[in-house]
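Next up: some structures, all given as structure tokens.
In what comes next, chain A is part of two complexes: it sits with chain B in the first one and with chain C in the second one.
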Partner chain A sequence: MFTLNFLIRRLTQGVVIIGLVSLLIFTLLRVVPGDPVRLMAGGMAPEALIEKIAKDMGLRDPIIVQFGRYMGSVLQGDLGQSFVRPANGAATGGANFNDTTRGERAKVLTLILEALPMTLQLAAVTLAIALLFSAVVGIAGGLNPSGWPDKLAFYISSVFISLPNFWLGIVLTLLLSVKLGWLPAIGYHGFAYTILPAVVLAVEMSPVLIRTLVGAVSSQMTEPYVSVGRVRGLGRTRIIANHVMRNASVPLLNLLGIQFSSLLGGVIIVEYIFDYPGLGLLTINAVLQRDFPLIQGIAIVTSAIFVVINIIVDLVATTIDPRLDY
Partner chain B sequence: MAALLELRNMTVALGRSETAKVILDDVSFSLAPKEIVGVVGASASGKTVLSRAAVNWLEPPLTRRSGTVLFEGRDIYAMKEADMRALRQRVSYVGANPMGALDPTLPVGAQIVEKMRAVMPDVSRRQAEDRVIALLDAVRIPSARNRFHDYPSQFSGGMMQRALIVDALVTNPAVLVADNVTQPLDVTVAAQVIRLIKELTDQFDTAVLFISSSLPMVREASSRTLVIDRGRIVEEQATEALVASPIHPYTRELVAQTPQIWRGAGAVPALPAEREVVLSLRDASQTYRVKKRNGIGGVNLVRAVRNVTFDVRRGDSFAIVGESGCGKSTLMRLLSRLELPSAGQILCEGKDIATLRGRDLLAFRARLQLVLQDPFGSLPPRTSIGRMLEEPLRTHGWRDKEKLRARVLKVMLEVGLAAELYNELPLGLSAGQRQRVNVARALVLEPTILIMDETLSALDQAEQFKLLDLFQALQKEYNLTYIFISHDLAMVRKVCNRVAVMYLGEVFELADNQRLFFDPGHPYTMALLSAMPTLEEKRYKPEDCLLEGEPPSPLSIPAGCSFKSRCPRAMEICNGEQPFLTVRDEQDFAACHLVARTMSPAERASP
Partner chain C sequence: MQINPDFFVSRAFAQSGKTLTFLSAENITGNWDPTAHTTLSQKNIEGFVMGFLTRTPMKLDKPDEVVYELATDIKLLDPNRLQIKLREGVVFHDGKPFKAEDVKATFEYGARADRPAQWYPGPTETLKIDTPDDYTVIVDTSKGGYPAHLFMFLAAFLPMMSAKDIAAGPGGVLSQRLNGTGPLKFVEQRGNSTVMVANEGYFKGKPAIAGINFNFVGDSTTRMLSLMNGQASIVERLEPEQVDTVKANANIHINRVVSVENKYLWFRCSKPPFNDPRIRLAACHAINRDVILEVLGSAGHASSNFVSPVKFGYFDLPNYPKFDPAKCQALLAEAGFPKGKGLPPLEYITSVGFYPKTKEYGEVLTAMLNEQGFNVSLTVLEPAAWNERLYHRPGGGPGHMVDCGWSTGSPEPDLILRTHFHSTSHRICGIEDAAIDASLDKERSAPTLEERKKILQTETMPLIASKMPALSLFTSVMIHAMHKDYAGLFIYPDGSMDASKSAA
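Let's turn to the complex of A and B:
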């Protein structure tokens, strides 16, 4: 009953959030300088033709009308068509307005659905690496406050947080892929291509996870139930594994919900460096080409992912700690 | 009889160095099977360290310097850790802080089962569950089978303490060390818990080391008593003999300081009846809306204070008493206008305080000040004491530095704080000194009314006495009116001239001191009096009036009389009709059908 109520409430909130994000992105894209029609039609197209195309596409209507029309089709599962990309895959944006090779334009939904699984795979591998590493370093640090594991955790997170991801990406590529040839780096031709970008992203993510874990574990260790557990006859391993970890996982979970958004941000740069065909690369190209429908589509899909992930995180957190009330 | 548990020359220090402070100094005593031994001492006398040392639970910086503990002749400090853990099946411990003792994210029952199976690996999960449920039932936790699955946050303090007693007794131990178990509980619940420990240990043949700061509490529980002062056992006697003829000067002081309720004349002088009314409540009520956890957008109404009506006159020391959850603190927030009542009025010197705005409100704040309960949380740790005491004056428009300083120093002198503390931080202060700072902070604005919300409950007996003397001196000098919000009836008997007894948000009885303690009109008041730990013979016997269980939830207040579920004298009429405060005498009122019955309707008037 609680879960159902929670889901209804949070999904309703989520729909509102996604709607607001869409409206915001939609409006911003239309007030920034740069006419997408000019980009689509090519620099040499006559002014009258541009006006005609713009009118045909409805780009001269008031923003709110355009938004309504757009959301109407979104609700039917149609995110529109790319302004720039043809359906056959080749990237365009050429100068000739009457280029006959362009043909049909790609559907935004198709483009996103091609890129999204790649990024989700990258995100999953990143999370796995980051969590595993942070758990080892962070829990050891939290169990030995002001001992050497705690200091080590502090140094590691300090170093990691000061490494810029683009630099690390280039250095690791140079080292592991060019010099040693252990891992492939550029493009995507199989799972191995995910590892290097995932390591870079995991390094970016770990410092916050480690600090949170060290803090959460060490503060849980000072809770009375830990000390009382000893006199109740529970062993130290049992207290830590069954109770301290359980309680310390709640702040970590909440953090993961937030970190996921920065992960999707970090993906943009890292995918660009590694030429990894995911959502990040798609976003960058869409922005550079002023591909409004594609940018909007990506924005809606990512905000939907955030909403869903945060709902899941909160649901799991309330399952662990019933006192929480979201 | 051979000793079951024996402490031999136990010396414990705070730290490892030679100069470290010694907390326990050469303590030796023994506990026979099935015996209940009490240990009594003031706060910081080493009681808790003693209880921890007895169960091999000293944690750094506490260090055992010498001595040992024998359990059935085996040295528990020479054991391997695994053996000691196994021995916890036979040596149990219950502490003073029930709320933090279990993992907040797992059900209570599951954790007790976990403990049982950790020290008794042969027991199956089913057996353990059955035993835990049976014991939860035995400590009278209502619907134990459902409660088994509830989380610690869903238990009240009293229930949690009972659950922890189950946790301690579930393995059928030979020794139970109970360290101040009744301290966080209301008197009624504390009385139940003591009775329970006695019953259960009798049933399971458990010996108990019962440690408490309250001599009457120890007397209720134990047959033999040790007195501990500054880490040393100063006296040991059979409990009754100890109370009747204490030998050591410290014990004599302890007995003398235990407040008397019925013996001797009341200490509170009678005040003339016709004095100016300074604070008047007219049907004041407060209802909170709490979001329902299940169900969409639903709210529960918590009726925390219900139709409270009484007058406080100038010079009164007015007490508001009741168990936790009875609405005392909500009433405090209403009186101090931290919240506005959801219905009814509160008049201060004739004006409704809800309508005060701006300058008038500020003037009201200067007239009525608050002294809070927690001496540690209520002072900002990084602000000097002088600065802290100047703060209210600055809020009320004082700017001249010289005058500010002079006023603050005068108040510090009055409450007994040395002038040197002006520039000090509150870090090193004792609880008593901190409470003096709190009192000074309230007094600096020269209020006429002071609300004391459990101000003394964090202090030990001797400190309480000193502060009460201070309060009385200040009252005489400035003609102050006090409102004491308290659960300590002994303190109320000593200093308050008028008492309101609250239960589930209602005032059940309103009477002068003498009348309330000698001729209470409400069965609930009798129950409170019977549950009070005292050294003298009780006027009201627990057998006749002690309550079972705890107050119902304020979410679902029963119809009719809200006390009927626990009242030993409940009648037919109590189910249907809610009793209202009824005049017993000019000054005294009680909300019970027993009172209303004895007089004709014409005589019933509202207070």
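Let's turn to the complex of A and C:
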């Protein structure tokens, strides 16, 4: 019953959040410089044609009217069509709107559904690498406060958090792909192409995970139940594995929800550098081309992902620690 | 890109049998119809797949050289009639034999007023095209009143389409795929990758490579890294700093060539203050182009004309404005703005991320103008926003000056001059000047190429230079980097490739 109430409440909140995000993005896109109709119609198109197209597409209506019309379609599962991309999905530019021979435009949902699995794969590999590395460094640091593992964890975190991802991506490509030839780097022709961008994102993500783990584990180790466990004859390994880690995982889990969300933002630069065909590359090209329907579609889908992840994280957290009330 | 197909059947490349991966800096359009766009990257793909009547190497020392491909002979029968003899035994990728009917259909279709590319000298109604036999075409321009020799340079620029495809109409197969006679066959568009495979029936012999993957990769660092780790075979539009980084790499060959592209400072001529030619000239005299070239490094080549040195008719114009502060001040005073006093604030729009160093030299150029009393602010935009503001509109268009290059893969100078400076087109600058129009009409109508060159160099180009609707700052240098296996590949100013000649 709790779970059902929880889900209904959070999903309702989620719908409101997605609606507000959509309205915000929708409004911002229409006030930034750059008339998408001129981009679609071609720079040489006469003003009269620009206005006609804009009017036909309803782009001169009040923003709230446009938004209402758009959300009406979204509720029916239609995120619209890209302004510029043809059905084959290529990033395009330069054609004329009044060219009647132009190919059919791609559906926004199709473009997103093609790119999303690539980004989810990248995010999953990133999380796996980041969690594994952070667990080793962070737990060791937390179990030895003020000792060398703690200092090492601090230094690693400090260095990692100082590395810009675009710089690290280039350096790692030069080292691991160009010089050593261990890993492919650019584009996507198989799973191996995910590893290098995932390492870059994992380096970006690890410092926060490491510091959280160090803090959570060291704090749990000072809790009375650890001393009591020892008195009751429980071994250190068992106390740590069964009790300390379980309790220390709650803040980590909450953090993971936020980190995963920021990961979806971080992929924009990394996917662009590695020419990785995921949601990040799709987003950056959409922004550069003022492809409003695509930008809006991506914003709605990513905000929905944020909402769902946070609901899952909170649900799992309450399962681990029933005292929590979200 | 147009390629010299010899490269693909040459022994130099015969051992590899690999698929060549080309990384392009520019994306394509959503329409494969060659008459539907003017996008350079898509022209490059057409160069691999389509056949052309001729190819034009456009070398600095021989800008009007013509190499025959699908044509075996082109000659003027009289000023309004051009005879084209065609190569026999050539077939399109779909199996249709290439004949005179295809040339006729291509010319008539491409000249239609509704085709967006609009490269032809006149609309279809002004043309009469006869095909006395399957391998002879006679282009008659009597009805249009312009000379037939205009088709000689255009023959190297216009891909030959199949009459069967054209018959299906603009909404038919033309827009969905490429069907040509070139060494590579179009297979499909996979996301941002255009997939081509070797055309085994190519009339010069089976290509040695298995195919080409032509990929759009927007970031220049990514393109370079991809070349360095061996994933890419050839990358284009290198920044000068990247050349310095990779020139010591024994596995990479760098190719530089003076291109067909000039970079311009376009004035909005239809609104104040640049509707006064004296103010335009004053601005031109305020700019030291040598300093701009220093900023550009190896990406720029000095030129003093509105067209590239590799185009027909180029010469260093004697009256092309040079850096001369005294002249600038005299012109400003004469126009009623001594030391720039009374001039409105001016906006100079440029882009960042497409052409090399635009922001850097834009800042220098702005400082030079301000030093002479202009009140210029620089607006730097990413390409989409810049492109949205680029062209002339009624009233002049956004800003007062815009930075843009113009590149056309043909020696034909009118693809620049007429496109930009004739009142019927004036795409960016918006100039409407009866004297320039008359001079452009006169050079276009010259009965022979020799006479046309004379009019261009003694009348038309000097006249435009006396009114300066745009200042051509320099000619771009096209920099390609490629794996050493392709070192023999010569890349011409329009992207043509020829392995039989060593790369300069």
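Here is the rule we use: the second predicted complex is superposed on the first by the 318 of 326 C-alpha atoms of A that agree within 3 Å, B and C clash if a C-alpha of one lies under 4 Å from a C-alpha of the other, contacts with A are read in each partner's own complex, and residues count from 1 in each chain.
One rule holds for everything that comes next: contacts are C-beta pairs under 8 Å (C-beta built on N, C-alpha and C of every residue); 3 or more make two chains touch, one makes a residue touch a chain.
These numbers come from a predicted model, not from an experiment.
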| item | value |
| --- | --- |
| Side-by-side fit of chain B and chain C on chain A, or clash | fit |
| Which superposed partner A:Asn285 touches (first chain B, second chain C, both, neither) | second |
| For chain A as apex, the angle formed with chain B and chain C - C-alpha centres, to the nearest 10 degrees | 160 |
| First, second, both or neither for A:Gly187, with chain B first and chain C second | second |
| Contact breadth on chain A, by residue count: chain C or chain B | C |
| Partner chain in contact with A:Ser227 - chain B first, chain C second, else both or neither | first |
| First, second, both or neither for A:Arg246, with chain B first and chain C second | first |
| Which superposed partner A:Asp321 touches (first chain B, second chain C, both, neither) | first |
| First (chain B), second (chain C), both or neither touched by A:Pro62 | neither |
| Chain B versus chain C as contact partner of A:Gly77, first or second or both or neither | neither |
| After fitting on chain A: smallest Cα gap, chain B-chain C, Å | 48 |
| Overlap of chain C and chain B interfaces on chain A (superposed complexes) | none |
| Contact set on chain B toward chain A in their complex | 52, 55, 57, 59, 85-86, 88-89, 93, 95, 97, 100-106, 114-115, 118-119, 151, 153, 167, 171, 291, 293-296 |
| In the complex, chain A residues that touch chain B | 1-2, 5, 8-9, 223-225, 227-228, 230-235, 238, 242-243, 246-247, 250, 320-323, 325 |
| Chain A contact footprint on chain C (complex, rising order) | 26-33, 36-39, 42, 116, 170-171, 174-176, 188-192, 194, 215-219, 221-222, 225-226, 228-232, 381-385, 387-388, 390-391, 393-394, 427 |
| In the complex with chain C, residue positions of chain A that touch it | 33-35, 38-39, 42-44, 47, 84-86, 88-96, 98-103, 105, 114, 170, 173-174, 177-178, 181, 184-187, 272-275, 277, 285, 288-290 |
